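Heads up, the thing below is written out as structure tokens.
Which chain is which? They are A, B and C, in the order written, and residues in each are numbered from 1.
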Amino acid sequence: MSELTRSVEALLFISTEPLSLGELATLTEAPPERIERPLDALLDRYCEERSGVVLEKAAGGYGFRASPDTADVCARLMERPPARGLSQAALETLAIVAYLSPVSRPEIARIRGVASDSAVANLLERGLIEDAGRADTPGNPVVYRTTTVFRRTFGLEDEEALPALTQFELTESDHQALRARLHLVADQRAGQA
Amino acid sequence: MSELTRSVEALLFISTEPLSLGELATLTEAPPERIERPLDALLDRYCEERSGVVLEKAAGGYGFRASPDTADVCARLMERPPARGLSQAALETLAIVAYLSPVSRPEIARIRGVASDSAVANLLERGLIEDAGRADTPGNPVVYRTTTVFRRTFGLEDEEALPALTQFELTESDHQALRARLHLVADQRAGQA
Amino acid sequence: MIVADLELDLDVFQGPFDLLLALILREEVELAEVPIAEIIAAYVERAYERGELDLESASEFLVLVAALLEIKVRLLFPSDEEIEELTPEQAEAELFARLIEYRRFQGAAGWLRDRAAQTPRIFRIGPAPLAPPRPAPLVLEFSEDPWRLAEAVDTLLVPPPPIDVSSVRRPLVSVDVFLERFRSILRDRRGFAFDEAVHGLDRLSQAAAFLAVLELVKRGEVAGEQAETFGPIRVVAVGGAEQALA
């Protein structure tokens, strides 16, 4: 297998998107017409008869996919419930969204004192929070709220039914006072870090 | 290639995390001992000599990665490959998290003698460490641990695969040199006082 | 040697010392992340290269570094228990133990670097391009305890313990005070002599005044004039003429 073929093979394996001939040429620093031979060799190596992984020309370029006869097994992998329970980071992020919703990613990061992008991504993937439009604050960040899946998972009828806090009296129907307190404590913590 | 081998190959390709023998057995509904042959066949098909893609055991399971000779080309595909251009500060911080996890920022600062906030932020952004909840100590600092990306990047089968920390113990002569340097500093200070 | 043009090459910062000070003042560089030992090493190295050490600049440097160090200690060790009085022997033993611990992790860091360099491992991070779509999430009713949510928010509502500054022997001098003072002087006059402006002040206040001048220079509000090395410094308002006309 030529060096170029190996490079094209590896690129297609690690890419999360199909890659076009032009993109493969740019990445390997080879002229586009030199990419065709390696692609042919790979289409031959990765065909349905020979492999569980098949190279395919899709919209937008070339990409590997699981061969059709493995579809059932692969579907089982995708349907697998998330292996672990909620991480502490995810739980804390979820709690902030539940008590302050709607809330943006920058605000979650400010309150927690640490970037929370992966926790937000994880909660979105689990369907526990969802996109609820954009905030009017600078940069117009996306804001999040909890979902029906969240309320069913935690056995909560509606948002009013969130458990009481020991550090804060939850009397107001809006959450502005709680929000202000969380910001204050976060700033105190940041000032000392 | 047997049907089981094709299924294992497809599963390993579409999974976002390495899959263990047990997981592969559950997903393919085959007894674990029957997975060994297909795995051997795949380890043979995807080895450095034959392919630009390598199957290897890391992070508690089997996963595909680019072969070392294609790594430079493949790194171009990523905005920030996890292990490229890590500063000394980031590497030391990563080592501390790997050995002492879960560990907080103040603890890392205590060991390194300087606050390590930008190193921690850099490692978080690269996905090499993650937030693992909060410590019970005053101020409840966030604690960190290493990730699957870390174990795959450094080719570690699991946490135990790190060399024992005592391996990096100073030799007796290093100890003496260090002590001599300390004394020198102390003497100079005393002489000036 | 003028302290201000001491060139530094640190992890968090590269450039002259006075710029670093200005950035710390503007909170663009975290003081807590600045390795002060390296600054001192750079200074000593410079002095050694030049083969001279003038007392004036050395004491200015010491004052600045001591102030930085004291503030940094407060930042890193908010609780006072950490800095009880130690005998020199205890301090040395403690320092020695810490260095040994740190060296171990430096060794481990080197091991990680070599391992990544030996075999670069690049793999896909994220889903496969043409993977089947993930089905709707499975709902496990009542599988989570809602009180854990309350607990998480309660933790975030606990204020951090206050920083005890009772042991700071001298009041820290605020640079802002001097910024204001100099600005008000420059509203009436085109410039002033630095020595006169700080006459009779203690060293720490003089250092703060100097930082304030540096800050004004950085902001483009004033320029410094010095006819000869070690000569008196005159601080002149930039664009003072236009302001006078307006």
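Quick note on the criterion: contacts are C-beta pairs under 8 Å (C-beta built on N, C-alpha and C of every residue); 3 or more make two chains touch, one makes a residue touch a chain.
In this text the structure is predicted, and so the values were computed from the model without any measurement.
Comparing the centres of all chains, each the average of its CA atoms, the largest separation from chain C belongs to A.
Taking the mean of all protein Cα atoms as the centre, the chain whose own Cα mean lies nearest is B.
Centre to centre, using the average C-alpha position, chain A and chain C are separated by 36 Å.
Distance from the chain A centre to the chain B centre is 21 Å, each centre being the mean of its Cα atoms. In this assembly, the C-alpha centroid of chain B lies 31 Å from the C-alpha centroid of chain C. With touch defined as above, residues shared between interfaces to two or more other chains in chain C number as follows: 32, 75, 78, 122-128, 131-132, 155, 158, 160.
Listed for chain A are residues 10, 13-15, 64-66, 74, 78, 92, 112, 189, 192-193, each touching two or more other chains. Across the complex, chain A meets chain C through its residues 10, 13-18, 56, 58, 63-66, 71, 74-75, 78-79, 81, 86, 91-92, 94-96, 98-99, 111-112, 125-127, 149, 152-156, 161-168, 178, 181-182, 185-186, 188-189, 192-193. Residues 1, 3, 5-11, 13-15, 27-28, 50-53, 64-67, 69-70, 73-74, 76-78, 80, 87-89, 92, 112-116, 118-119, 189, 192-193 of chain A are the ones touching chain B in the complex.
Chain C makes touch with chain A in their complex at residues 32, 75, 78, 122-150, 152-160, 163. Residue ranges on chain C touching chain B, taken from their complex, read 11-12, 30, 32-35, 37, 75-76, 78-79, 88, 92, 95-96, 98-113, 115-116, 119-128, 131-132, 155, 158, 160-161.
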